[in-house]
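Here come two complexes built around chain A, the first alongside chain B, the second alongside chain C.
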Partner chain A sequence: MTDVALSGYRRIREWVRPSVVISISAVVVAGLLGLVLIFAINVSVPDALSAFIDGTVGSPYAIAASINRSIAFALVGIGFVIANRANLINVGGEGQIAVGGIAATAVALYGGVAGLPAGLPFIIPLVAAMVAGVIWGSIAGVLKIKVGTNEVISTLLLSFIAVWLVYWCVQSPALLRKPMTSSATLPESLEIPDPTKLPLLTGDYSFPLNTGLPVTVVIAIVAGLLLARSLFGVQLRAVGFNPIAASRAGISYQRMVMFALAIAGALGGLAGGIMLLGDQYVLKDGFSSGYGFDGLVAGLLARGSVVGVIAAALLFGFLRSGGINMEMVAGVPTALVMVIQGLIVVTLAGAAYFIRQRQ
Partner chain B sequence: MQRTTEPLLALQGVTKRFGSLVAVSEASLDIMPGEVHCILGENGAGKSTLCNLIFGVHVPDKGEMRFRGEIYRPTGPSDALVSGIAMVHQHFSLVHDMTVVDNVILGQQRGLVNTRAWVRRLERLANDYGFALDPYAKIDDLSVGERQRVEIIKCLIREPRLFVLDEPTAVLLPDEIAALLDICRRVANGGAAVVLVTHKLAEIKKAADRVTVLRGGRVVARSDRPAEEIDALVRAMIQGDVKSLDKSAASTLGVGEPERVRTTAAPSETPTPEAVQIDGLTVIDNQGVTRLDHFTLAIGPGEIVGVAGVEGNGQSELAAALSGMVEPASGRVFLGDTETTHLSPRQITAAGIGVVPEDRHAVGCVVEMSVAENIFLNRLDAFTRFGFLRRKELIEAAGDLMKRFDVRAAAPEIAFSALSGGNQQKAVLAREITLPKLAFLIAAQPTRGLDVGAVAAVYGHIRAACERGAAVLLISSELDELIAVADRIVVLYRGRIMGNCAADPSERESIGAMMAGQAR
Partner chain C sequence: MTWELFAVFIGSSVRLAVPLFLAGTGELVSERAGVLNMSIEGMMLTGAFGAAVGAWATGNPAIGLLIGVVAVAPVALLQAVLSNTLRANQIVTGIGINILILGATTLAYREIFGARSREQIPGLAKWSPPLLGDIPVFGEAVFQQVWLFYAGIAIIVLTALVLRYTALGIAIHAAGAEPRAVDKSGVSVTGIRYLGVMFAGFMSALAGAFLSIGDIHTFTEGMTRGAGYLAIAAVIFGKWTLTGTVLACLLFGAATALQFQLPTLGVNIPNAFLIMLPYVLALLAVGGLAGRQTAPRALGEPYIRR
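Then we have the complex of A and B:
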């Protein structure tokens, strides 16, 4: 091999980091395993594959829908990563999405915002969603610093409470249930007014990327800068690694815990608001449908990196879209789609072990 | 002393690497039955690794060991124990909620236990070696010295042929050290061999039959008459001359008699206002036990007051309360005219109180973060603009400080955990001493685990701080250190001040008595 070729090879080696290669291989291996399972239940593998591709990258619509799904995963994942810098594990994304969705619906429907000018009709509900998320995250924070409740337990249980809160809201006509005109009226809210729906980026319904995307990109950049460059990021890390030394150095553990969980909550709430205003328009029981937990997994797989969260969120967004289409078109049961998703998570987590060994 | 020619344990060219670090390199060593063999060396010289190789905790990369003439290749401590080698580690491994006898039985017997029989054996053994130990006492209720005796008796009950003690005297009172050395002698007289690891020369003079000196993992000197060749051994250990050492550092090490190095300025006629006034400071822990009982002390500007005492007699609580980490139950603290009693650590730092905590790793630094971040951990906000960290300035400033305080690291950006213990301590000291308007420095065990060069540097910086007018509270369990560095000494026992005296070698015995709880 000539010197030039060698240096070119080295440059490629440097660019293609082994961690990236290992991660991609893990996804491919899991995907192949999934195909084996599909074959085993007597669904035509080519049909399933083509349904999956149609549902993910088959059309501009599919691509945009997949990216829209990724938004919620990314926001919850970023929140997880921020809290995790302080060595906190926020598993409450699901509940934070739920309360965000409730708040956004309530404000959009009954907050009198529909007539306001210049984006306010959807900005105010989104802010309300974030505030609801902050409150939900802060409850866990207060429990942690006042009585030492482990945030894993409190955020998880708060999620259950929030998910049932959605159920209550849509079941009770006194809350958000739409007026009952007949016994067949579904237990859900009214559709939110058009001005409160998130505008499409392109204005083209065949490529329905919504405004949540640029918001999420900005948040990702800010979060990345915050963690890498800001004093706050350093203080979060200090508290995460050694709360005693940090507090001796004047960095308040309590403050950092509150901030970290509130920010994670805010992002979860925002995710719920964007799902509601950008896509679903109607609050229904179970509208959060596991997005919070998948976002948590995205945060876990990213192992501290915001870029990693984005990658994992996109992966999950496309997987979900493809999975839904496989179910609808090729008749692959939902359960199996979930199994494949699980397989990918497990192989990625296993791959992390090999990556660590290489480092 | 009778000596057979056959060594009990022979090490031949033993080498152990950890990554790129060669902890023990080509070490050869003979240990004879019936001798007390001291292994001398500074921190990081490879003493503990050598012990761990003998005890089977580590497996050597190269070289061979022979025990009683046969190849000895332990793959774990249990192999060592079966062969008749027992070891007392630096850190005790006792179950605190259990009694002495239960701790001794642990790991020695399966199935049914006849506690009474064990108690009889234990008492006989204690009697043989001349120390008292209540078999039914709970470990929690024992002093550190007594706990160490439990560790020792756990080993002796196995009747080992080789008995290894890794830095056993670091936590003991002067009397207890003498008793321990006496036990070692008795064990050796019984025909077994004792390997005693230490960096204190006084112990070598008293107890050692032979000495092996390690430096940088290599055997650099041996002596069959250590008491006479002590100076040569020190030279080998520190690769320098005893006379070139900082005097306080030398006397702390036990070279020569403890000496009072510091000369206090003649007391001025007009009484200076006190820099620090501590009034009846009391700390009660969350079990309701009074850990610090009405501690009252005034420190003048430029004065160094030493706090002596065996560890666990309230020193940690004193430092914690003064530094804002623990809320005192009662009492007040004044810095000049300002009360600092209930301030947060942040406010205390802002008031000009520097704290070098005793537990460097738990309280002093965040080892996962960079040296630069650690060296300015308490004033990172001085390096921000709009909330963003100006890393370049931070790193430059850290580099300057590292140069001034001789903190040796590849770069300010590397992880704090990559520094040696001495350099970590110098970095913590640099941070606390360079506090803007430092008025009061609390230094707890500032030289623990440091080698001689680093010890001298730490003393130099503490003195420099006090020359600039700071009041200094030096908390240490090394009496020689206090005598060498402080102006006067207060002795803590069970949270109370037992007495107050000048830091003078002539007071050594009475301080020792106060440390053991006898009022003056």
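Then we have the complex of A and C:
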């Protein structure tokens, strides 16, 4: 065999690792179980399937909408993977999305940015969203390094607080609620001005991919290189592996924890900003609707790989779109998608044992 | 504030704290044994759902409670197998189980109740102890509670005694602090930890049942709304002691009760802030109000026999 063929063979073996096989099997098995459940609740399986397919790849619109959903999952997932490299578990994606959305709305509506040139009308709100996410992530970081608070519980509580902050912002006319003209005025913000909306890639509303996509792709590449090829990636890993040994080697545990959680927060905030400026345009109560938790699951499933995050994010984006269409067309509750997701996570977490045994 | 209003406030604080300290006690035992049980939220939801369906189907809330407990057993067993035998990441499995349960109970709820949603479900009977129940004003507002409340307190007292005075209590404590030593003494670390997780499941089932058939007599989708996570925060705030955990739960209960009480007193604080308050308090609590944290040394680490 030539060297080239050999390295190709190695590469295939590398790719078809037991973990990849098990991940795919878990997804397939959970999907089949979903079909059984659809049958069990007396919905015609072909009807449900055709609704699912229509909602995922049935039209250019469906495809673009699914990919737009995946963007938020991917950003939160990448943040999770970066923090996880330092052995931190950021469960706060939901809250980071929420504060990102609040900041983006506030700046887009009241920051006087609509008249600025050259993309600034949407860039400034996105930066504000990232800053808000950094602040939210850093709170957990400060608690971790100052008091030793487990970041799982702090980021989780911060998520609950942030979700209620959104509610507060849209309920109170002193904050972001639109002016009350009658008692029927909905508790939501005004729609953001047109210049602050993210431009569509194609300019065509029947295929509404937005500028968030290239931004996310660039971030994914940078994150992949950062983790695999940079000193920063090595330092993160060192701290995650053994904080004491790392500090003997001159790597500050405190600094790395702060960086890791701030970056995760920034990406979560950005995800919230993109959701708001790219797709929703109006801040509403519960706008984050579990996106942060789905992103977290995408990060978990990826086992530290940025490529894995993208794959899981796309899977969940399409799964969610299909699930929504199944509910609207075939009357299958979207809760079914949650069951499938939960099954995937539990199966993969348990399967890790068998992967360890094999290796 | 009149005495009547104060009594109502105390009563509703206690009632709102009950699910927290039932689940918190379970979580405490599990964590003392070394298993961080993030699936409390899902277990509570399962208990609430099982109890609601059971009470509705049989017309007997006591049987409903039993069905709630039985329904949680497989969930707790799943968590126990994953975190002990398969040595999976305990946080990941907990969150996975919570997502699974939220989806499954919502799906099953729509299937079973469908159009009849928000149906009133027969609830547990109320009881007030002699003497305490006769105290003017406070007797009715504070001490008239469903019998599960008193049964729960009895179980918590019993748990405290077992943890403090029995060999089992020492073994649970040691399984979280020095698992290797427990193993050397011939006691199974895995066995103790299974017991801890199953007990957490049992207590969460009671907590969930209290929500659905003790307090509001109906089931709503995702009705635990983060109570399980508050219970976990209470364990941290209570520095892994039972008394501390229960006190923390009472504090969170009082903070939750404020959102119903302050508006009636004409105090003008945004509702959203009051809803947020228990979570803010919990964050402050885990963020250092409690002082230096003293988690069981082997918490969250699966035990591997050598």
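One rule holds for everything that comes next: the second predicted complex is superposed on the first by the 321 of 359 C-alpha atoms of A that agree within 3 Å, B and C clash if a C-alpha of one lies under 4 Å from a C-alpha of the other, contacts with A are read in each partner's own complex, and residues count from 1 in each chain.
The criterion applied here is as follows: a contact is a pair of C-beta atoms (placed from the backbone, for glycine too) under 8 Å apart; a residue touches a chain by one contact, two chains touch by 3 or more.
Since this is a predicted model, take the numbers as computed values, not measurements.
In the superposed model, A:307 makes contact with neither chain B nor chain C. In the superposition on chain A, contact of A:21 is made with neither chain B nor chain C.
Within the superposed three-chain model, A:41 lies in touch with chain C and out of touch with chain B [touch as defined at top].
Look at A:241: by the touch rule set out above, it reaches chain B but stays clear of chain C.
By the touch criterion stated above, A:222 is placed in contact with neither chain B nor chain C. Legend: residue contacts after superposition of the two complexes on their common chain; A:143 is shown touching chain C, with no touch to chain B. When the two complexes are overlaid on their common chain A, residue A:158 makes contact with chain C while staying clear of chain B.
Taking chain A as the reference, the larger set of touched residues comes from C, when chain B and chain C are compared. In the superposition on chain A, A:343 makes contact with chain C only, while chain B stays out of contact range. Chain A has no residue lying at the interface with chain B in one structure and with chain C in the other.
Residues of chain B that touch chain A in their complex: 323-325, 344-346, 349-350, 355, 357, 362-369, 373, 377-378, 380-381, 383-384, 387-389, 391.
Chain A meets chain C in the complex at residues 37, 41, 89, 91, 143, 146-150, 152-154, 156-158, 160-161, 164-165, 167-168, 171-172, 293, 296-297, 300, 333, 335-346, 349-350, 352-353. Across the complex, chain A meets chain B through its residues 225, 229-235, 237-238, 241-242, 244-252. Across the complex, chain C meets chain A through its residues 38, 78, 81-82, 86-89, 91-93, 95-104, 106-107, 110-111, 221, 226, 229, 232-233, 236, 270-273, 275-276, 279-280, 282-283, 286-288, 292-293, 295.
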